[in-house]
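One structure is given below, encoded as structure tokens.
A, B and C label the chains in the order they appear, each numbered from 1.
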Amino acid sequence: MTITLSPWPSLVTVCALIVYFGVTINVGRARAKYKISPPQMTGNPDFERVIRVQQNTLEQLIIFLPSLWLFAAFVSPLWAAGIGALWIVGRILFAWGYYQAAEKRVLGFGITSLATITLLGGSFVKIILAIANSGNTP
Amino acid sequence: MTITLSPWPSLVTVCALIVYFGVTINVGRARAKYKISPPQMTGNPDFERVIRVQQNTLEQLIIFLPSLWLFAAFVSPLWAAGIGALWIVGRILFAWGYYQAAEKRVLGFGITSLATITLLGGSFVKIILAIANSGNTP
Amino acid sequence: MTITLSPWPSLVTVCALIVYFGVTINVGRARAKYKISPPQMTGNPDFERVIRVQQNTLEQLIIFLPSLWLFAAFVSPLWAAGIGALWIVGRILFAWGYYQAAEKRVLGFGITSLATITLLGGSFVKIILAIANSGNTP
């Protein structure tokens, strides 16, 4: 038996993973460019910023994806997808800025943080309401 | 079409993510306190312990969240939520201890490991049984 | 109310997490063997390769698990499980090779990448078709 998933949050999930896949490939390319072999993770600040973009995207995905799907289930799949699309835009800006200089990561980071807080906070409120209402049912 | 998620495991998921969000914010505060700018990840053991709390929470979330939901789906949503709540308590103790000294991370780490093994092991057994039973159906 | 999850992708998820749990335990054992205490993450290339196996498995799980379940929901649970089983085999080869030498990680890495790209790409195509078809319905 298969579960039915809303297509729009599903599309946002796939697109977010494609962005992550892209910044992961960039680490491999940076390893070649700066001649830094695995398992080394440091040695050149330009290389380390490329690593940090990937690591930070991973660190954000673990909170973004569950929040996206909780929001989709408890609030609205379409709104989840819209806010999720904003997250993706923020992540691209973050990567593009951070690749240039550490200071330029701030705008993209702010956008993704705002999107994540909205998804997480909205889910929290609606889950609490769902639990409170289920208690009221005789 | 939206999927229906049990509210108690959903609440545990949101609370676990809020704890993770908190330890992530602590990294930013520790960067300011110890004057360690991105992309640097080392330079002071006190700072590195704050980083490790966040990294380790991420490393545990990737196994905790899927185990929680498999347990909720194959065993019991309420028991999943209860064991998940224990995981959250363990994570808070882990962070609180590790911030003080590396040795003090052990108790919290043990509690979260026990919770994770229960969720993962319980899911494993019930999934195997579900597959075996479906094969017995004519 | 519980959601119904297909047992085969569920089994693949549990097995992938058990592999990850195993490479995580190996980090603890390597810490003891090479006498590298937390929060240190470097100091010996043999130790660093053990860390990298765990980190890389985490970096791959965040893209593998959502892709597996989107593929299960939009394409086929059985095919998802089959390709997912291949991913697990690739991850074991990756760990086994990387523990010996950095160069020996390539085969396992290639297999897991191929599995992930298939799951992600297949989901992408079917989600786009699902959205296109839903628009055609009057």
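Here is the rule we go by: a residue touches a chain if its C-beta (ideal position, glycine included) is under 8 Å from a C-beta of that chain, and two chains touch if they have at least 3 such contacts.
Please read these numbers as outputs of a predicted model, since none were measured by experiment.
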Proportion of interface numbers common to chain A and chain B (over half same, under half different): different
Cα superposition angle of chain A on its copy chain C, in degrees to the nearest 5: 120
Whole-Å gap between the CA centroids of chain A and chain B: 18
Residues within chain B bordering two or more other chains: 3-5, 42, 58, 62
Touching residues on chain B, where the partner in the complex is chain A: 1-5, 7-8, 10-11, 13-14, 17-18, 20-21, 24, 37-42, 54, 58, 61-62, 65
Partner chain C, residues of chain B touching it in the complex: 3-6, 42, 45, 48-49, 51-52, 58-59, 62-63, 66-67, 70, 72-74, 77, 102, 105, 116, 120, 123-124, 127-128, 130-131, 134
